[in-house]
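These are the structures, in structure tokens.
Both complexes shown next keep chain A, but they swap its partner, so chain B is in the first and chain C is in the second.
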Partner chain A sequence: MLKASAATRVAVLELALLVVFAVLPAALQEFRVVFVTRVMILALLALSFDLVWGFAGIMSFGQALFFGAAGYTVALLARDAGITSIFVVLPAALGVGLVLAFVVAAFLLLGRHPPSLTFVALGTLTGSYAADRLARGWYYLGGQNGIPSIPPMTAGPLQITEGLAYYYLALAVLVATYAACRFLVRSQLGLALAGVRINEARMAFFGYRVQSLKAIVFSVAGAIGGLAGGLYAFHEGFVWPNMLGVILSTQIVLYALFGGVGTLIGAVVGVVAIEIVSFVLADAYPTIWPIILGLLLLLVILFRPGGLISVLVPRRERIAVLGLARLGPPSAQAEAVDGAA
Partner chain B sequence: MALLEAHGVAKIFGQLAALSDVDFVVEDGQLHGLIGPNGSGKSTLLKCIAGAELPTRGRIQLGGRDITAATPSERARAGLSLKFQVTSVFPELSVYHNVLLALQAHDPLASLTFSRTRDRLHGRVMEILAELRLRERAPAPAGVLSHGEQQWLEIAMALASRPRLLLLDEPTGGMSVEERRATGQLLVGLKRSCSMVVVEHDLDFIREICDVLTVLDQGRVLETGTVEQIQKSRKVQEVYLTRV
Partner chain C sequence: MSETSHVTRRRFLQSTAWMSGAIAPGAGSWVVPPAWGQSGNPIKVGIATDLTGAIGYAGNANANIAKLLTKEINAKGGVIGRPIELLIEDTASNESTAVANVRKLIQRDKVDVVFGGITSSMRNAIKDVIVTRGKTLYIYPQLYEGKECTPYIFCTGPTPAQQCDEFIPWLIKNGGKRFALPSANYVWPHVLNQYARKVIESSGGEVIFEEYYPLDQVEYSATVNKIMTNKVDVVFNTVIPPGVGPFFKQLYEAGFQKRGGRLSCVYYDENTLNINAPHEIEGLASCLDYFKVVTKEDAPSGRIQAEYDKQFPGNIAFAAGSAATGMYRGLKLWEAAVNEAKSVNRDPVAKALDHAKISEGPGGPAEMVPGKRHCKMRMYTAVAKGGTYELVARSKGLVDPKEC
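Right, the complex of A and B next:
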């Protein structure tokens, strides 16, 4: 019974967050609506990290690479080709993230021998760092200043500017992406990914093409990162090298780990929690807020190493019950809970 | 007809020759035992066949196809399955999911993504679990099974893909007498559907189930023959009397 309720608790949290996000603009001033929009876009990026690390066991320290590259691409489309249509720029952002991630995966994951965790972590980190340096030094991309004054995104004759319209666009993209990821990790493919995360070598002896599986998930996560970057670029109205760099890449890792990986909702919770706490602290303690935030993060890591979501779902249940119950025999949930409890 | 042919297989680790010019042939439908003292190279030969190690020299063919340099995944897809010496079940997953994981390994990506084979495979999962006496344990996490049960689950997973050749490294390790007997019966029954290579220290078990035995000693083949021939072999008796 205990484990069955873990899945229920997460479902309730998912629904509650959806309702809160849906009605929040009615209770917020416009500048706060803009802030929450930014939070939802960053949640997309955190979701992409949770997919690669929490479900496929790929430690990516370079998710900002796909985010920033897609942001720069749509900024250039808008600036140089005058293309701002949502029906072009968002698929373009998604495509850039997908292709770039596949290229990175081909280098890092598709060799004859399975790469180590450290190799992949450093490889992705290097990619992010190199892209940041490239953007800073390339005049065409605006160098240190990036590309300012991106015109608003359009849908036919309508302009989608920051505020309510953009808020609900970001929410719709977040919900659709979350639902797609949820479907993916709870499928038979999700079971295969759980196997890869637990014992990659054993999976190869079953006949799984493990590295190809990982490359596919990495590419899908890159596409999500790219989608987030495209949304972010038009929301902020400018892009700059930090969007590609190590700081944002690391920040996203921190967000996801803070919320708890391997559940999807944990990544969203992590972004929401850190951004809101930062916002409140910066308002109340303008000079020392980063120190307080740092201490809070340390406390959570010390006392809740599984992240905030571990209050609702113990680490073990994340694989055994939460994601895969649908694939098991009817009594799987209860038994698995009893065993783990 | 030979299903597996290994010719001149050598494996060298630094200065140590774990295998030297080993010839090893398994016929279709054969239950082939691989025995020898500790350090004789049994597990290394099994690993070279399964792809966990690549031989330094020599050639390995499965069903006429050269698999010497193939990856474990390619060998599994060619019909080879391995039950590890040390149990390597997925402890966080249920027993049911462990078997499903092995069963769906050759399904295309689209099928996995949309869970298309899930209903079709359910019956097969339960059938395998029943065959291995694990049906009642289906929902339990594999990590809470006893050592003997985990060995059975390993065998269940190795059988799931309906292999042409099943490699079993110490299948009865940690089992009770009753479990060992049942495992022997199961393996003999499986001869109809696949060939097997069994590495085992329990010589009584090997004698009861195997058609052919190969004895390794210091990385070389000492003798190959029927159980009776091996029992009468002076060379084998010397090795077992002097070093075991």
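Right, the complex of A and C next:
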């Protein structure tokens, strides 16, 4: 009973957010439309982190690596090859994220011995940091200055510039990606991932190739991060080394933790909440707003470790709801899940 | 497994919560409205500068001088009969935050002109939002490596030519022929050194070595050793804080100045002078468009400096290395251009700004070089003596920026 209603609550929230995003531009000035576009692109990035940490239990402290690498790739395509077509640049961004994430996963996850949580966290962090330093020192990539003046994205003869067009492009990509992630985590693969997260050794004894499962999810999340990076580069009109770095990587983690991990929608809620609160605070208290924001985040994380979403979905329920919803009455699984969570 | 993962997660949350404040994105903004209310149609001037973050001291000096000038202009009745409304946004030393905040100026407030940006990476990040997408005029006030030739961007700080053409011959005469170019590894030192090397070689000097170090390197004993063993006469430094303090200290302790070496650094102004103890950088030479000591020989500079010190006492100095002088020059040149164009629209103002002149400013008069969007100005060479600067050379008239 409880579980069904938790699933319903999540579904209602998802639908409500979708409707709000769809009609929002009608109520906003152009400037705010651009702001929300940026928030949606960052939500895509937070989604990729939730997928690896919330569902597969891989602590990726380097999601910005895929975001930034894809951003640089499309910036170079636009600058040096004159390619700005959406049908080339977005698949390219996605591909760069996917391949790079697979390489990182092969290195960190697919070794002879299963890696520890700390090893993966530090490994991804190092990757992100190294890429940041590389970009700062490489003049082909503009060094510290990054690559400015990226021309607008095009679709045939049309230019997709910031504003309404880009807003709905970002929304479409976010919704499609969200739907794909939702399908993924509720599929058999998602169920196996929940198992891996909760008891990796047992899953291995069951015969699952645990590390391969993790590598798959990590690569998919990298692809999503890349997609976000491609969108971000054209939206902001420039790329710079911080897009690859540790600060952004940490920021992504905070977005997801603030909203609540392991629900997908929590990551989106986290980005929306943090960005809107900082936007409002920055206007109201120009000199001390970062301190207020910091305290607010601290309070949420101390008193609601499950993030904002835990108001709707108690921590112990989320695995069952989002992993086993399609497998009939939950009574049989309830005990096992409660024990595990 | 389940237990440990639970604990790890919670511990992780608790241990990382503190970071949220430190890295939270975004920044503050405020508006300085014109002092009187009857005129309903003020000219909106946007300032985008680093009020917070690593170079906050420089950004605040920029904002201060803009406030001072706005007050002054409005007290005289504004520009073309309209008061100026100043809108200040923080670029927070963070390019992503900066783009979001500059969009506020362009898209929400619809400002008529934007001044600001200090680092080149900041200029690169925001210029598109302002000029290409925003169709607004942009004036960049900082000394920089040159080569910014985008239409509608006007630069009012010194270029490599202005900082090297007269300075390097002076260094050769007052230091020696053997130069070392220790540098931080980013764009400005690379491009500046390219130009400096040309001037050094054409003036009869030679470059013993040109090396680039990570921006956060603070250990320079290998570099100091190289300088001492190769009998370098002049260190033309572009290492920046935080590395520059330890570097100068180590160089002093190795006895570089004692055996007659000349230290030089073209971004050194009154702010950076305090990084080291005075005796460690005794004799350091710098070349800028303004030093506080200029006030003794140029009355208008003295008036500006006195007014600034009166309105903004404290430790945010009005100095050339932090773009504050470029900001002053930019605002006054823009005011002159608007007065000539009788409009604040981009094209007529840009056309008038192309040949705008001011007869007074920090360091003296200044004028735009037609078609170049860079600014001719006087340049001064100063040497650090006991914690202040002493002027040792000044340009004859205005120095050409030689850009675009």
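Structure notes:
We take it that the second predicted complex is superposed on the first by the 326 of 341 C-alpha atoms of A that agree within 3 Å, B and C clash if a C-alpha of one lies under 4 Å from a C-alpha of the other, contacts with A are read in each partner's own complex, and residues count from 1 in each chain.
Everything that follows uses one rule, which is that contacts are C-beta pairs under 8 Å (C-beta built on N, C-alpha and C of every residue); 3 or more make two chains touch, one makes a residue touch a chain.
Predicted model, so just to flag it, every value in this text is computed and none were measured.
By the touch criterion defined above, A:289 reaches chain C but does not reach chain B.
Once the two complexes are overlaid on the shared chain, A:302 sits against chain C while remaining clear of chain B. Within the superposed three-chain model, A:184 lies in touch with chain B and out of touch with chain C [touch as defined at top]. By the touch criterion defined above, A:194 lies against chain B but remains apart from chain C after alignment on the C-alpha atoms of chain A. Look at A:210: by the touch rule set out above, it reaches chain B but stays clear of chain C.
Touch criterion met: A:38 reaches chain C, while chain B stays clear of it. When the two complexes are laid over each other on chain A, chain A has residues 198-199, 201-202, 339-340 in contact with both chain B and chain C. Residues 50-52, 71-73, 76-77, 81-82, 84, 88, 90-94, 96-97, 100-102, 104-107, 109, 111-115, 117-118, 122, 126, 138-141, 143-144, 157, 161 of chain B touch chain A in their complex.
Interface residues of chain A, counted against chain C in their complex, comprise 29-32, 34-35, 38, 57, 59, 117, 133, 136-137, 139, 142-146, 148-150, 161-162, 197-202, 236-238, 240, 242-243, 247-248, 250-251, 253-254, 257-258, 274-275, 278-279, 281-283, 285-287, 289-291, 293-295, 297-298, 301-302, 305, 339-341. Chain A contributes residues 112, 184, 187-189, 191-192, 194-195, 198-199, 201-210, 213, 216, 316, 319-320, 324, 327-329, 331-336, 339-340 to its touches with chain B in the complex.
Against chain A, the residues of chain C that register as touching in their complex are 1-2, 5-6, 8-10, 12-14, 16-30, 52, 90, 94-96, 99-100, 103-104, 107-108, 120-121, 124-125, 127-129, 132-133, 150, 185-187, 190, 214-215.
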